[in-house]
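Below are two complexes that have subunit A in common, paired first with subunit B and then with subunit C.
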Partner chain A sequence: MRTGIIDSANLNGGQQLAVKYFSVAVVLFLAQMLFGLAAAIQFVRPDFLYNVLDFSVNRMVHINAMVVWMLYGFVGAVYWLLEEESGTRIVGLGLGNLAFWVLTAAVAVVVVVYLLVQTGPGNDLTRWFVNEGREYLEAPRWADLGIVAVLGVFFYNVAATFSKGRWSGIAGVLTLDLVALAGLYCAGMFYLTNITADQYWWWWVIHLWVEATWEVLVGCIMAWGLMHMLGVRRRIVETWLYIEVALMFGSGILGLGHHYFWIGTPDYWFSIGGFFSALEPIPLVAMVVHSVYDAGVHKFKNGNHPALAWIIAHTFGNFLGAGVWGFMHTLPQINLYTHGTQWTASHGHLAFFGAYATINIAFFYIAMQTWRGNIWLGGGLAGGGWKWKWALALLNLGVIGMTVALLIAGYEQSFIERAVEGSTWGGYFAAQQHPWFQQAMAWRLVFGVVTLAGVLLLVWDLLTIGVGEMRRAPQLAAEAG
Partner chain B sequence: MSTTPPVWASESFWKKVAIWVTAGSFVILIILTFDTLSKTAVGGSRVQAYSVINKVIDYRFDYSQNRYRPVFGGDEPLFGRPLSEEEAAALVTQGKKTVQAKNCMNCHTLLGNGAYYAPDLTKAWLDPNWGSVEEREARMLAFLLDPEKNAVTFSSGRKMPKLGITDAEAHAIVAFLKWMSAIDTNGFPTNFKTIGRQED
Partner chain C sequence: MIEPVDPEDLRLVFVAAAAIVVGGAGYAGLFAWARLKNRRRWLAGAYVCYAALAAAVLLLARTAHLNGAWQGVVVLMLVGYLLAPHGIWHLCAASHRLERSSRAPPGD
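And then the complex of A and B:
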């Protein structure tokens, strides 16, 4: 094993595939930042790129790049741990590689069409080949079919590899979760004129993915990460994973109801959605307890400080962003005023970053460590590890700053547009023109720049961390039991 | 001290709990889905038949329910021509497809979902900003065909770009917006001052 330089011979087959996914994920992460920044500038200066890249285009690329880079990160993380967890070589590696290139080519084509074609006439061809025009599910139908096919290959690789090797608790939960992940995506793949029914199914993808299957998926990845980095006992990690699955699906599946308050659905969703979504933060508290306790019990002893720091950032970010920020506006009594305001954007920014970006970044560091020959990434890094520490600080500061700025904007919008002005267009613009709103959006832009600086530093650090490092990381076998 | 954990802390207990809770929640969701889809079918009391675009639609406070509700009045055919159920369905369908093709949701919200760069379209048909009931259809069409020239930005500087909407598509979007304003959204948005109410 060669140390200090990037060498794919240090990786097993699944890991070689994983680093491809991670590389594209980082590129899309940068794209998410740039288009988000352009959209943020347009809130402050509406003439910016008007008629060239309008807000609708920037925002679409911003949110689609986010969804796709997170999926790339998750798929990569699962391929990363697959051979180690199953104890055998990956079954369909060639197929997995093919699926990777097909997916990446498809993503590139979709982005080019988004940027150059943008919109089409109001007919079926546009939905099949340009964009579907449904928030988050803009991918044209041909790309949808491709995504399901690629997820099918991914599922095959995971299930078949575990079947050939050994099944663990993590393997079982992961495999079942991937069935749900691919299956639920199909709920967003048909056209309905009845917008109430359309949005009913749309939320099956959006909510049941993000607030259920994705959460369970990162639970599996995190469980493996804790065993790998801290040597936490498998039985404890897997018991926690089952507790989290029970709480996550127990609250998240029917918590779907909090999106069914105002789209024309029956009003029993007020009580069901309100009750179960109020329970949704509980599993996220459990995750914080779990990670902090494990790290403490092992006296934070580990050979990869950046990864552990990002895993801790993940549990807090998940709890605060998804749990607390979500709960703040989830009950119908409040949601009647906050639904469809910047309040949602505030929640979205902290939740997606805290719950998903963080754990993917942790895995980027785990990957770099092994890729360079399982080198030491603990204390005493060159320069005191200033790059990863500043990247962590800038990214967290930037996202929390954007979240707070958008929350202030959301409060103001809920108050002036909704409560005082009764939601007319005049009320909408009264809120958008208010100095409190405009100042908040300026602050969001400032913190957006801070976030971008953090991402650039992160990329620089990922490319350079451990260059020439010869010390090896300690091998931590999971404790017996 | 025994090395086996108590039942409530054992892996197998939580595995079973996880399976039963997940399966149970999913079964309840499926049952509720059947019920919700039957109650929200087009032509029911919550989501009106497409031919509702031939009627006067308004949005008023219902004191018995303690929330706002769509209310329906006499005949008010769209663009002066009453449409059959099939014609109305075709027109609203074209409108919805155009709204998707032009990516409206990445600036506007519909039923409160979407982006927040431009106003909510849920009850757009009823917005007092169209001036008066008499001018409304003409102003909506003019706006959709040339949003830049007809923009009312309340000095925010935010303008809708020209999206190449054809005359037929503009008519269809207006039909879709009128039909959507008739959906019973459980009182959302609350305290909405409609164009009709202003003229009382």
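And then the complex of A and C:
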């Protein structure tokens, strides 16, 4: 094993495929930032790139890039742990590699089509080849089918590898979760002329991916990461994984109701959505107790400080973004005013960053550590590790700044547009022109630039961290206990 | 079915809802720390956080008009936040007892 330089000989087959997914994830993360920044500029200067790159397209690519880079990160993380967790070589690696290239080519084609065809009719042809028209799931039908096929290959790689090697609690939960991940996506492909019925199924993909299957996927990845990084025993992480799955599914599945408040579904969804949304912060409170317990009982000794720091950022970000920001506007009595305002964007920015971006970034650092020959990434890094520390600080400051700015804009919209003006067009424009809204959008842009600076520094750090480092990381899993 | 929040109460509703989750985290964190270090003072702090949470729940119930069946949500929050940290603590202690009694190598 060669240390201090990037050498794919240091990786197993699954990990070599994983770093391909991670590499594209980082590129898409950058794309998400750039398109988001362009959209943020358009809030302040509406004529910016007018008729060249319209706001609707910017926003769509910004959000789609986010969804796709996070999926690339999750898929990469699963391929990363697959051989170690199963104790055998990956089954169907060639097919997995083919699926990666097919998916990446499809993503590139879809983005190019989005950028080239920004307006036009909505008919069968455009639905199949240009844009399906469902918010956040705009990919045309051909790409939808491709995504399900690629997820099918991914599922085959995972299930067949565990079947050939050994099953574990993590393996079982992960495999079942992948069935839900691929299966639920199909719900977003129905074409229904009734908008209420259409939205009903559309939310199955959006909500049940983000607040159920993704959470469980991250739970599996995190469980493996904690064993790998901190030497936590399998029995403990698997016990907690089961508890987390029970809590997440118990509150998350019917928490779906909070999206059904205003789409024309029956009134009972108010009670179901309100009740289960009130339950949704409970897993986060459980996480607080467990974190305090572990911090007190175990010492956070590990050889990868950047990854650990990002996992800690995940804990806080998930709690604040999903828990506090979510519950602030989730009951229907409140949501009546906030639904679809910048309040939602504020919650979305902090929750996606806190719950998902952080864990993917932690895995990027785990990957770089092994890729360079399982080197030491703890204390005493070259330059005191200033790049990863500043990247962490800038990214968190930038996202929290955007979140607060959007919260102010959302509050102003809820109050003026919804509560005072009663959701009229006049109210909409009055809210858009209010100084609080406009100043908040200017601040959002400022913090967007801070976030971009953080991402650029993060990429630089990922490319250079551990260069020439000859110290090896300790084998915590073998030493603990 | 639902009675919307009065516009003049919007800010109160948001603050109360945020305070519930933050109070819940404060209660859970201080509770776990007090049990870990066996310090009664921290436990008192935990219950002060819970009292703040309860006050926020009642404020939310009043301002968001959580009447009738919606009072079930109020009871759920008051009971759920009170008991959840106790239950999770017991699960933590039990799972780590297993760790101490187990001689199997980690990761197995």
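Going forward, the second predicted complex is superposed on the first by the 463 of 481 C-alpha atoms of A that agree within 3 Å, B and C clash if a C-alpha of one lies under 4 Å from a C-alpha of the other, contacts with A are read in each partner's own complex, and residues count from 1 in each chain.
Here, contacts are C-beta pairs under 8 Å (C-beta built on N, C-alpha and C of every residue); 3 or more make two chains touch, one makes a residue touch a chain.
Given the structure is predicted, the values throughout are model-derived calculations rather than measurements.
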Exercise. Touching A:169 in the superposition: subunit B (first), subunit C (second), both, neither?
Worked result: first
Exercise. Looking at the overlay, does A:270 come into contact with subunit B only (first), subunit C only (second), both, or neither?
Worked result: both
Problem set entry | In the superposition, subunit B vs subunit C on subunit A residues touched | B
Exercise. Should A:323 be classified as contacting the first partner (subunit B), the second (subunit C), both, or neither?
Worked result: second
For this session: Look at A:254 in the shared chain and tell me whether it touches subunit B only, subunit C only, both, or neither; answer first, second, both or neither.
Result: first
For this session: Identify the partner contact of A:79: answer first if only subunit B is touched, second if only subunit C is, both if each is, neither if none is.
Result: neither
Exercise. Regarding the shared-chain residue A:131, is it in contact with subunit B (first), subunit C (second), both, or neither?
Worked result: first
Problem set entry | First (subunit B), second (subunit C), both or neither touched by A:118 | first
For this session: Determine, under the contact definition given at the top, whether A:56 touches first (subunit B), second (subunit C), both, or neither.
Result: first
Exercise. Who does A:336 touch here: subunit B (first), subunit C (second), both, or neither?
Worked result: both
Problem set entry | subunit A residues contacted in one complex by subunit B, in the other by subunit C | 235, 239, 243, 267, 270, 336-337, 419
For this session: Within their complex, state which residues of subunit B touch subunit A.
Result: 9-11, 14-15, 17-18, 21-22, 25-26, 28-29, 32-33, 35-37, 39-42, 46-47, 89, 92-107, 109-117, 119-120, 123-124, 127-129, 153-159, 161-166, 169, 172, 180, 183-193
Seminar exercise, completed: Within the complex, subunit C is touched by subunit A residues 227, 231-236, 239-240, 243, 267, 270-271, 274-275, 278-279, 281-282, 284-286, 288-290, 292-294, 296-297, 319, 323-324, 327-334, 336-337, 411, 414-415, 419-420, 477-478, 480-481
Exercise. Residues of subunit C touching subunit A in their complex?
Worked result: 1-5, 7, 10-11, 13-14, 17-18, 20-22, 24-25, 28-29, 31-33, 36-37, 60, 64-66, 69-70, 72-73, 76-77, 80-81, 84-85, 88-89, 91-93, 95-96, 98-99, 102, 104-108
For this session: Give every residue of subunit A touching subunit B within the complex, in rising order.
Result: 39, 42-43, 45-47, 50-51, 54-57, 59-60, 118-124, 126-127, 130-135, 138, 169, 173, 191, 193-197, 199-200, 202, 235, 238-239, 242-243, 245-246, 249-250, 253-254, 256, 260-270, 272, 336-337, 339-342, 344-345, 413, 418-419, 422-426, 428-430, 432-433
